[in-house]
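Just dropping this structure here.
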Amino acid sequence: MRWGKLAFVGAALAASGLTFAGPASAQNEQFIPGLVYRTGAYAPNGIPWANGVADYYNLINERDGGINGVKILYEECETAYATDRGVECYERLKGKGSGAPFVNPLSTGITFALIEKAPVDKIPVISMGYGRSESRDGSVFPWVFPLLGTYWSAADIIVQHIAKKEGGLDKLKGKKIVLVYHDSPYGKEPIALLTERAKMHGFEFTPLPVTHPGVEQKATWLQIRQSRPDYVLLWGWGVMNSTAIKEAAAVGFPREKMYGVWWSGAEPDVRPAEDGAKGYNAAMLQHGAGKFAIHDDIKKFVYDKGKGATKWDEVGEVLYNRGMINAMLNIEALRIAQKKFGNKPMTGEQARWGLENLTLTAEDVKRLGFEGLIRPIKVSCADHEGTRAGRIQQWDGKEWKVVSDWYESDDKVLKPMVEAAAKKYAEEKKITPRDCSKEN
Amino acid sequence: MLYREAGQFKTSYSADQAIFPILQDRLFVIALIVLAFLAPVALAAAAPGLAQYLFTEILIPFLVFSLAAVGLNILVGYCGQVSLGTGGFMAVGAYAAYNLWLRVPLVNDLIIVFLFGGLMAAAVGILFGLPSLRIKGFYLAVATLAAQFFLDWIVARVKWLTNYSSSGSVAVGNLTVLGIPIDTPMARYLVILAVVVVLTLVAKNLVRGHIGRSWMAIRDMDIAAEIIGFRPLRTKLLAFAVSSFYVGVAGAMYGFLRLGAWEPLAFDINRSFAILFMVIIGGLGSILGSFLGAAFIVLTPIMLNQLPGWLGLHMSTALISHLEFMIFGVMIVFFLIVEPHGLARLWAIAKEKLRLWPFPH
Amino acid sequence: MTVAQASPAADAATPILAVSNVEVIYNHVILVLKGVSLQVPDGGIVALLGANGAGKSTTLKTISCLLRAERGDVTKGTVTYRGERVDQLTPNELVRRGVIQVMEGRHCFGHLTVEENLLTGAFIHGNNRRQTAEDLEKVYHYFPRLRQRRASQAGYTSGGEQQMTAIGRALMSRPRTILLDEPSMGLAPQLVEEIFEIVQRLNTEQGVSILLAEQNTNVALKFAHYGYILENGRVVLDGDAAALRENEDVKEFYLGMAGEGRRSFKDVKHYRRRKRWL
Amino acid sequence: MARAAHATGEVLLSLENISLRFGGVKALTDISFDIRKGEIRAIIGPNGAGKSSMLNCINGFYHPQEGRITYKGVTRRQMRPHQAAEQGIARTFQNIALFKGMSTLDNIMTGRNLRMKTGLLAQALHWGPAQREENEHRAFVERIIDFLEIQHIRKVPVGRLPYGLQKRVELGRALAAEPELLLLDEPMAGMNLEEKQDMCRFVLDVNDQFGTTICLIEHDMGVVMDISDRVVVLDYGKKIGDGTPDEVKASPDVIAAYLGTSH
Amino acid sequence: MRLETTAAATAETFPQILARNARQWGDLPAYREKDYGIWQTHTWRQVHDQTRAFAAGLASLGFGRGDKLIIVGDNRPRLYWAMNAAQMLGGIPVPVYQDSVAAEMAYVVEHAEARFALAEDQEQIDKLLEIRAQVSGLRTLIYEDGRGLGGYDGLLSYDQVQQNGRALMAAKPDFLDTEIAKGKGSDSSVMLYTSGTTGRPKGVVLTYDNLRRSAENAARIEGLGERDELLCYLPMAWVGDHIFSYAQGLITGLTVNCPESAATVQTDLREIGPTYYFAPPRILENIITNVMIRMEDAGALKRWMFRAFMALARRVGGDLLDGRPVGLADRLLYRLGDLLVYGPLKNTLGLSRVRIAYTAGEAVGPDIFNFYRSLGINMKQLYGQTEASVFVTIHPNRDVRLDTVGKTVPDVELRIADNGEVLFRGPGVFHEYYKNPEATAETKTADGWVHSGDAGYVDDDGHLHIIDRAKDVGRLTDGTLFAPKFIENKLKFFPHINEAVAFGDTRDFVTAFINIDLTAVGNWAERHDVAYASYQELAGKKEVYDLIADAVAQVNRDLAHDPRMEGAQVQRFLILPKLLDADDGELTRTRKVRRGFIAERYAALIAALYGGRTTVHFRTEVTFEDGRKGMVEGDVAIRDMDTARPAPARRAA
């Protein structure tokens, strides 16, 4: 009896050494790894994003027969938003099939860890709308692509919006702005910019951390009730968002004066708070919820064939759309790379070239069926962000309503910060930055 | 069965007290260590991709956590002082090492850096070990838990420690040992392996000698220990110091050689629990158990996660994850029921059976 | 060998408790009992004698099904109580059938009072308050000392009182058979006599059968009817108590008699005569 | 008897008017007696008479509220148990205070701790002095193991040993410290005759060969009367008798309180 | 180095050989003793020094040429050295069985006229003190282990004697060397008392030449050398131990290992893993019984594996050992078996490294003998006697036959007398029986032939076959040949039977007393749910009688195959309720049955066996070591057996 058990342990330990033995893949398939979290504290937000990605890849295979005939082989790996698990997923999947052309960590913590590995493995890290803000500087971070917007952009856009509501940046003087943030690199990212802006405009900035996973915020909101700030910025994720909104309602802080980052502005964030969420604002990573041209194709080629990753009702939610956009940018970068390197599975280096030359004009966006979801984007060696525009949306109790015009983060403020931070990073890591002016 | 001990007689106390008095064990361990050093090198040449995954995701975490578990085992298993502050002490090691590496470029050799990390952790360990004179058991566990939170808080709040990094995350690069650059996974693995082998030997030496006996005496019956002349505070603090040193070195290695860039979250309370589980499942008061426990806690989830893939089952990632958690949990409970003294005891029984083979008793 | 002609089996056609060929292994590898057989007649006092580690406690725990808690396994043999096999029961079920063990080292709940300790023994019969009160009265009847100390915390009572409490607690479950492990351990001579006298009264007045493991051979053979001597996990000798007292080996090795008188502890040799068990 | 020659008559330990209270409970009341160098001194009395408390006072575990303890000519008030150990007082316990998770050998080795000097670093490397020291003490401990005839359980964890052997190991640990005064708290409880005989032999041999002064608590009157030089009798925390075994045996107080009619 | 060196030729006495060894192998281990947890090792040089110190000490006590030194105790290096020390001074060591009771020992001490005695410990000292009170000659008592002797007066410790000796050597540096040089090969070396199955013990005097040449011859054919290891665990008073441990130890330089105590022999054997091994059949049987019992407790799979591989080993193991051709498949399977069964088994038994193993003393069952050989242990039979300095015949390597005791060793001649008795002559033939010229003359002819007392014959290949003790062989009233040992051995080969005594000479039919084996039968009883509490109860169980009856029936069937023995089948038997015991005089100290004594003591039982009763009351006295008496009594059942008829198709052989 005891022997059987021992044998079992032995087998278990031995087998774990065999993890690398994955199935061999077909020749002309583009392998793409997916680091997702469908379990754990952040699953409510992770799931729709992952569904959007999966559905879009599926669409490409179903509708186009792949990218220029190169079929996509997509494999998910569960990270549970944990850095070490994420890194393990990455290591496990990066060499699979044709090799990973890039990786989307979907977690700032994992992004930080993978940034260290990217130059060694020569696999680009795409952190669309998250990650390390200074990593937009392609000269120091040639392998990192925080497409569509960094947290500094997000914070800047929100500050601009508040200033506009107050009647100008100078009106911010003396105002109290509190940042309630997830106590992790993700939540800490905007602090640098907000500190900078506070210095520039003379508002009082107070960051208040919330411990992972963010269900316990009583003390934080008690403090807010006592200090009566003018605005509260929310840098939360997953259950922390809805908890914050509920707590705000509980302490009577006006939701209209709350602004969430674009990761705090999806349906799962507001629905649990029910009426309490009414009036709550959030930045948009360009897009919002809703169904657009692309969704017709998704319905026709994916859901009607019964291959959808979720229920049709949930298609078009904020995070679903974001996942879809993420997948689209991935695919388009590969498509651009294929133009240079041929219609075959791309390697990381080739994909990096594609990403660095990723340009989508308004026509391209329309052709792809993403009109109304994103605006044109142009990535370059010096600018790995591509575009830094955003709007503000507000929850009306039933759905998200766009309530502002487009803002663009102020590069006069951002750029020096990016350069300084990148320089410090380069020094710490003893990296010699490349000269972007010499790259085409 | 494999043990042929006839003719292995001891003519001196040194031979009798050897770590592996049985020739077969000695050969096995030596072979294992040699294999641990050489096989990966061969593998890295033959199958680089596979080797890299093996290094970075299997072997490095396994070794680093083994070392941390050895450290915690010294405190919990040998000296009987419960600690939930392992994550915090790892953080001390990692951040102390980081700051030395960052600020004193003259001594940025990893060995010195790790030693410094360990020593700082030991100092902090002594500090938090002070209450152990008065409080015991659960109460001490709570006190060390406070240490964990306090240390977590310090590294998250004292900006100087993270070199004013905007995200609170720090990164290291261009690492060297004795002037040799440590830039490949294999190099990192070999450095860790060497450190772990040396420190494990040291740990074994400590626990089998006079100091180890003083710890175990305190663990088993502190009153009797005092009556035969042990000084409880000194003994306990030494255990805290040595334990924290190990944990600190493990923390530094985890940061430097496993993560490369890390945030305070890497050393949170979950880390403390995970390492405590390793010690419990591996076997309290067993160096070997620390390794078995680390292997179990590090490898089993990875294995379970990939099991459906090997079996050719297509399941959703979420389902796999849920299954993984369930099975892993069941396995832990199962092992603790089958053998409350941990995997090391299972191993010992297996060994005893092999020695008695073919007889049952 | 059987010293006397009359075996216990002859006294009572069916013994209340019979252990047959029991083998016990601890931790999968350590063989502790090697085929022990013994019988307790209904209403008898049977003593198990032997050195530390001979297997007395293990035998008692085998009967009371407490072995598993200590990582012991019964690998061979059977235990029957009133003709039924009981070796696979839980200790709890066994108590319901009327067999209870009083553990070595007394095992009282130190922070409870003596009376509370006694009451913990009554759980087995549910919540019948009148019955419990009767049982309690019975215990106090046999152990008047406990009545005096009923409100004291057990942890602060003397060793003898703790032993009495432990036996009293066992009585609360209205047992038909009591397994007593080392009742005399650590007790002053006077107390040992006192406790054994009470045990004897319980036996004669209440008809409780008793199997006791005891180091104090002198006392044990004075009160028991029948005895078994265990050495190295085997029964080496059994017989009527009176006959055992006359056996040369028992006299020398268990009663300390040399020739005529008692041998002084001062004159013990560094070697011993071989035991013949004849 | 050769052993008697060791008892020099010089007082090694003297207790004067000791009183010990726990809260309101008086454990010992005004007790005085002495222990002479080289003798075997027994303390007897009913359960709960305060015998163990007496030993606890001697080795610094309890601090009596009143009275004086003079050991080797030095009168002390407060002393920690490890200080008592350093001054050459070793003891065993009624309920066995062994380190259950350690082997017999390791348990006895702990008795040598006061003589082990090598530091952390040498221990860590287990090289040179540390190993030499370890081997020297091992050799000493092996003599004790041989003396107590426990060779066969040398490497067995003591938790697995039967009671009687544990008692023997505990004695071994006390002996390893090479004490001048050895306090034995019911060393023969729970033993059968043969084991008691062995234990008596050990006690006598220790006293005889090493000249160790022994103070023991024991219930077996045969043992006490046979091997001890002088006996103190306690009852309810008071001294009711003191003298040679024969004197004590004849004392009506002692018979009434302790010995009872039989034995 | 081997024996052929010239040094060996010049060293005639053991003290001289010891000096040679100290020169030649100074730092090699000579003796080891498990003590204080490790194997304390003594090199030849150290042994030499210690021995000389003790010898000089003896001299200072007045020990001189021709003096006897009684040596009594377990196998301890210092006791072996004392033998050599006595020999240095021209004295004669007289080892005595350590388990003898005082009365037996007293006879030897008195007969040997010993004035000096060396005892191991308090137990032996107490006996000697008792003897000293009776025997006036015994003067000096020396002890090796002083534990418990603190209160004794007038004893000397081994260390003290050595101290005296060192003082003497300092005063007279040449004294010892002169004494040693006086020694010649023809001098008496040792006196060994053989208890014999009848009569008083006889002191066999052996010379240095006897022992040295016998030991050398045997060592040469087996290739023993200074790297060999031996565990000495049999009584020092027995000639086998004297020749293997002492004589061959000195001559070949092999290392003699002394176990920690009698109780730890098995463990110590396992630790040492000797290369040279001797065990009497009784021990070999016990080992197998234990192996079988322990295997019975194993899981089904292991049991199956064990049985399968043991069957294979029985089939081919012996052939492999003797170098006979074996099929490839079997060879491979045997290898596997070696990994899974034989190797571990030999290892747990401590026999992994055994190069040469002997058994002798009694007949050994073919199954038992074959068991060891099939495992790959070079187990051989040896035939010898004290009077021959052990070696008469040995199984040659690679020519081992189960039914013979081998061929003569070099320089030994063999002759079968007309009455079938085996006679031998050779270098080892004893000098005399001490103070017993009649017995000497009776046993040894003028031209050096010795009457062995055994009946046997030599076959065409030169192998000696032993049938029985010549004087035990008798006839039933119908004239059928009655060879009791032959029958007893057949019975004893069953693991459940520990000892058997057959009766039949001048009787109508054959009957037997049986002693059951407590371990084997006890285990069997557990398995078959036969409850028992003690030996006597077990021995009286009907089920046990059935079990033994099966064995007896099997023996009867075997006997029926042999036309000469057909009529000697066992018709009635009883199981003795008490083990035959040397302390009660029923066995010799080497555990041979003293049938005459038994027949006398249990006359009532024998009468019942031949008187047709089914039960008999049994009452006998037992003697304890300290002289006290105890009484055993009870009823013993007698079982009738059917006799088997001759097998219809008798095999040609």
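By written order: A, B, C, D and E. Residues from 1 in each chain.
Here is the rule we use: contacts are C-beta pairs under 8 Å (C-beta built on N, C-alpha and C of every residue); 3 or more make two chains touch, one makes a residue touch a chain.
Just so we're clear, the structure is a prediction, and the values are computed from it rather than from any experiment.
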Both-way neighbours, i.e. chains that touch chain E and touch chain C:
B, D
If each step moves to a chain the current one touches, what is the fewest number of steps from chain A to chain B?
1
Give me the chains shared as neighbours by chain D and chain E.
B, C
Which chain lies at the heart of the structure, taking centres as C-alpha averages?
B
Which one of the chains is farthest from chain E, going by Cα centres?
A
Going by the touch criterion at the top, tell me which pair is linked by more C-beta contacts: B-D or B-C.
B-D
Compute the distance, rounded to whole Å, between the mean C-alpha positions of chain C and chain D.
30
Chain A-chain C separation of Cα centroids, rounded to whole Å
74
Here the gap between chain B and chain E, centre to centre from mean Cα coordinates and rounded to Å, is 57
Chain A and chain E: spacing of chain centres that average the CA atoms, whole Å:
88
Which residues belonging to chain D are in contact with no fewer than two other chains?
1, 138-139, 201
For chain E, residues contacting two or more additional chains:
37, 147-148, 297
Among the residues of chain A, which are close enough to touch at least two other chains?
2
How do the chains pair up in terms of touching? List each pair.
A-B, B-C, B-D, B-E, C-D, C-E, D-E
What residues of chain E sit close enough to touch chain B in their complex?
32, 37-41, 229, 270-273, 291, 294-295, 297-299, 302, 305-306, 339-341, 343-353
Can you tell me which positions in chain D touch chain C when the two form their complex?
1, 45-48, 94, 160-165, 186, 189-198, 200-201, 204, 219-223, 226-227, 258-260, 262-263
Chain D contact footprint on chain B (complex, rising order)
12-14, 17, 202, 205-206, 208-211, 213-214, 216-217, 219-221, 223-231, 238, 242, 285
Quick check: in the complex, which residue numbers of chain D touch chain B?
59, 61, 80-82, 84-86, 90-91, 93, 97-102, 106, 109-111, 113-114, 116, 118, 120, 123-126, 130-131, 133-135, 138-139, 173-174, 177
Chain C touches which residues of chain B in the complex?
349, 352-353, 356, 360-361
